[in-house]
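Following are the structures in question.
Presented sequentially are two complexes of subunit A, the first with subunit B as partner and the second with subunit C.
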Partner chain A sequence: MAEPTVTERGTRPAGGTTSHAPARRRVRFGGGARIGLLGALAAGAVALYLFHDLPERWQYPMDLRTRTVAAMLLVAVAVGVSTVLFQTITANRILTPGIMGFDAVFMAIQVFTVFALGPMVLLAAPPLVSWLVELVLMSGFVVALYWGLFLGRRLDLHVIVLAGLVLGTVFRSVTAFLQRLLDPDTFAIVQNLAFASFTSVDRTLLLPTALLVLAALASLWPIRRSLDVLSLGEAPAIGLGVEHRRVVMHVIVVVALMVGASTALVGPVMFFGLLVANVAYSVVGHRHSRALPAACLIGLIALVGGQWFLDRVLGFATELPVVIEFLGGVVFIVLVLTGRAR
Partner chain B sequence: MIRTEALTKRHGEIVAVDDVTIELGDGLTAIIGPNGAGKSTLLCAIGRLIRADAGRVVVGGLDVATTRSRELAKRLAVLRQENHLPIRLSVQELVAFGRFPHGGTGRSPRDRTHIEGALDLLGLDEVRDRFLDELSGGQRQRAFVAMALAQDTDYLLLDEPLNNLDPRHAVELMRLLTGLAAERGLRIVVVLHDLNVAARYADDVVAMREGRVVAQGAVEQVITVEQLTDLYDTPAHVVEVEGRRVVLWQ
Partner chain C sequence: MLTRPTLLIIAGVVLVTALATASVLVGVAELDGFVLLASRLPRTVALVLTGAAMAVTGLIMQLLTHNRFVEPTTTGAGDAASFALLMLLLTNPGLPLPGKAAVATLGALVGVFGFLTLARRIPVRSSVLVPVVGIMYGGVIGAVTTFIAYRTELLQELLSWSIGDFSGIVRGRYEMLYLAAAAALVAWIAADRFTVAALGDDTARGLGLDSRGVLLLGVTIVAVVTGIVSVTTGLVPFLGLVVPNLVSRLIGDHMRRAVPLVALLGAALVLACDLVGRLVRFPFEIPISIVMGIVGGTVFLWLLLGPASRTGGATRSGNASKAGRATGTAARRAEAVGRRG
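Moving on, here comes the complex of A and B:
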């Protein structure tokens, strides 16, 4: 990541009475400029992915690539925003909806549907209808489950981590168990769902996913100022007049919808959110007005840039999610070991 | 005026605050009592940081349970004992959060005045750009008090604000608080462990034990041998040094 660390030195915090002794390293400086830079990088990555190495008969590859980029953009926004928000309400830097098993719930419900109603469900129902039904079911379930976990009682981080890991494992095991009971044909169909894939998304889902993500983003607008206060922790936020329960509930719903939208579109990605959120914090700091767009842009750069690298440089050597999950896992371990995850 | 009516808060089997009905008046009120007496719970319940199981709290005519949190935050600032932040903030950024209830971003002239005033009062001018996790416990404590002051409220609730403070800063903070109470009419409620500090600076003392208020009144009425011996279950000595009450334990 091109992080302009050199330019910080000797600069003063923007907009303050700054007659004070040596300007310290400040994340506040140039946040806007950094987001601009990230935006330029993202645009560059998209252009590279779309136009580099385009064959003479470009229509079909172009169509395919556009679809992939669109899916990646949606996933980058959904995962970036949901992770940053989730970390805000849980006041930590290592938990993500993925690690807490949100997407495992989604997979379990999907597989259970196939198991209970047969594989024809996936093929017979119009994709949009099944998408909508799945999303409502899964989001409702996730909200109910985690609402019960987070609110109404005071749990410390370790309990939440444990609960999340256990629940995630439970849902993944249920999924694996049900898969074993399926006949081979159905299994093949289900197996396809279980791995994230950006290059084979259903075109008809792009527009509804985009609408959903946009609607979720728009719903955040009225509480945008409260989000920063929320990251101070529960008691200070209440003291400063944030309607804590209401705002946290709102955020959980938004997170569930976004994770659901992303999982329904491309499949589960576990550590990706962790990766983009933490890179975003270190580049622009914790203010949501900066961290949210930065997380989305970094996600887009990682996905599109990574896919380009794997496709055109390594020649389709491996699947992108494998690499992303590997890097995310490394970041996770580093965060735990350096004790920055509190 | 702060008034509680039959306020009760349970933690499972334990009754932390037991049917407390009190009125806290002007000036600086100190809440004293042994560990586990329910002092912090009472303070947090008044400051709506925790929900009471029964009874109600009225602060300046506003019912804490039904008033919008934002409106309340313009009238009442509350600071808990532990202030651990999950994110990295500079002193100035933290203090600027105090302007949130007023819809301030921390950048308007009015916000700036309050932020500068609070930084100045707590002597944090020199460390304003430092990150909180780089500061000493005392400086951090003062930064949180500065945030509460920047909130520009009529009521200020502090839970053991002298934690982590050395004698100099403890005395400075208590002087600041009594000054604010006298000059700006700020009504302050503090949970204090140091009885000598309570005896020196409080206008009104509330003694709590096992979730109940056992005594309330001026220093002369509450900081007495009988009250303290009974309150702490330990023989106390109260002597007068230069006209002030000083508590010694046997």
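Moving on, here comes the complex of A and C:
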């Protein structure tokens, strides 16, 4: 993307040639056709997950599977879009909201509300109201925290990555710390929050989450043309007439809301965004009109297909998040070692 | 006239003594001879030994990788040790504690060498990318371990190795930590070699040092400490990271002078965090890993983003001649900033 570094090319002559080869192939295969193909694959994965191995009495399993697919669709869109956008405003390929510890912050605040107000807050308030209030509070906190720590000042990218990783650890420790202070009953309530699970989502949250994700997407429509310009970096974007600060702030709020919604629905998935965004770039390139839908579709394929494979083929029920963690970590290391992490 | 390091060491000894006394006095049971000898003293001694040994291993790792931001738990050593222990538990569960420690040490050894190989292949010479890769590398090993542990229902065992907790330490359960402390002592004796090795391969060889041998020694010490601490108390995060950095800010990078202070400060920090964990929800306990994750992580963020880091190695320039590391870091940071430019 922006600022091609001379030192990097110099130290790794092989990198230049390998990264050009797929670019040439990309021209022959239209981006639209690739997205169509991804769409077909995603539809196939969903159909496979829904209908494969369906028992005689299909109503209950069907209901369960539809709910899981709906949750996965929402998470795929939220995580895919938020990661691509986050990488756009930070102009790199390794930084993601997950790696920066966004979801860890959400978890900590969720547990903190229970800790401060007691378990009754989960039962007394209408779930929708508490969900919304929590989401707004959390997003505000995340935006303020990360704006203050990182984006308001000029820091080396790698320092930001490291600080984000450490921040994630700190907030996970805070969550664990608060959990230990709770009494066993309350602990049992919040314990489930800490593990990502696609198969046991709260049905009442599906519709509000969907509305929120749609609203966030709609809010991006007016600035859609600025996004590609934004990925050139701050100075070129300003030079080309983009209101950099305002657009970046807008994008950060959208990212925070989407990560918050996804975390509230299924729990933290740290490396998923990294995996999805980078596969999307290598399939359709960096244009947002292509990369955003591609990231969502790849996310859906990965989640639904992965769950189907683990569930019905291998017979492992719940380890999808662990597998994602593994693959994401490998992708990250490969990105760094091949010099694409800037 | 006392020099600054000597004064700091005296202060450290006083601090550790005070905290250790507090650690002996705090507890649920009425303090009598039996409780003292069977539980309180072992726990306090284990805290001091673990703190000192793990802090020193952090210092060694930092010298070997020429990088201020690495330590055993952020370089896959702990995760590799857990992986080896899990494999052992699946194949030969009856092995006594020393055998387990040996296997964990072996795992950590392989893990650290794997990390060093990876770190050497990072194309961008950025001082911060090395720990980032280390954390990811540890995460990948950890994911595999978690997957296997989950399938074999050994997740709880896994947590006991990777999460430090001193509440289970009684007489007969901690003595192996003396061996870990002995390994740290070896590091002190060989300190000058590490300092020279940190000047770079060519310089070290030019000065007549067997730099491969020193590397092997350093990695072995790190692995022994990681292995033993894993099986006895569980690893404590951020300890090896923040303590050597704080000490380096106080007295610079002279390793032979730094080791005692690093050991003392490490012991003090572990004692203090354990006390906090014991007192916050008295009579229940919070594992030290959680307390340390908050305290150590915050200190690390301050080291990384705080005012002094802006000038890079400049704050340590007075000691730059004593070891090339400070200037090396400063140069790398300047290079990184320039690239951003």
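Following the convention adopted for this analysis, the second predicted complex is superposed on the first by the 306 of 342 C-alpha atoms of A that agree within 3 Å, B and C clash if a C-alpha of one lies under 4 Å from a C-alpha of the other, contacts with A are read in each partner's own complex, and residues count from 1 in each chain.
Just so it is clear, contacts are C-beta pairs under 8 Å (C-beta built on N, C-alpha and C of every residue); 3 or more make two chains touch, one makes a residue touch a chain.
In this text, all values refer to a predicted model and were calculated from it rather than measured experimentally.
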- Message: For A:Arg57, using the defined touch cut-off, is the partner it touches subunit B, subunit C, both, or neither? Pick first, second, both or neither.
- Response: neither
Contacts of A:Val323 with subunit B and subunit C, given as first, second, both or neither: second
Request  = Answer with first, second, both or neither: which of subunit B and subunit C does A:Leu167 touch in the superposed model?
outcome  = second
With the two structures laid over each other on chain A, which partner does A:Gly233 touch: subunit B (first), subunit C (second), both, or neither? first
Comparing subunit B and subunit C in the superposed model, the one touching more of subunit A is C
- Task: May I ask you to decide whether A:Phe177 touches subunit B, subunit C, both, or neither, giving the answer as first, second, both or neither?
- Result: second
Both partners, subunit B and subunit C, contact subunit A at residues 15, 342
Per the touch rule, the subunit B residues reaching subunit A in their complex are 44, 47-49, 68-74, 77-80, 83-90, 92-93, 97-98, 100-101, 107, 112, 116, 125-126, 128-131, 148, 151
The subunit A residues in contact with subunit C across the complex are 3, 5, 7-8, 11-12, 15, 149, 154-159, 161-163, 165-167, 169-170, 172-174, 176-177, 180-181, 271, 316, 319, 322-323, 325-326, 329-330, 332-333, 336-339, 341-342
Contacts from subunit C onto subunit A in the complex sit at residues 69, 118, 121-124, 126, 128-129, 131-133, 135-137, 139-140, 143-144, 146-147, 150-151, 237-238, 280-281, 284, 286-287, 289-294, 297-298, 300-301, 304-305, 333, 335-337, 339-340
Counting only contacts in the complex, subunit A reaches subunit B at residues 13, 15-17, 20-21, 23-24, 26-28, 91-93, 225, 228-229, 231-233, 235-236, 238-244, 285-286, 342
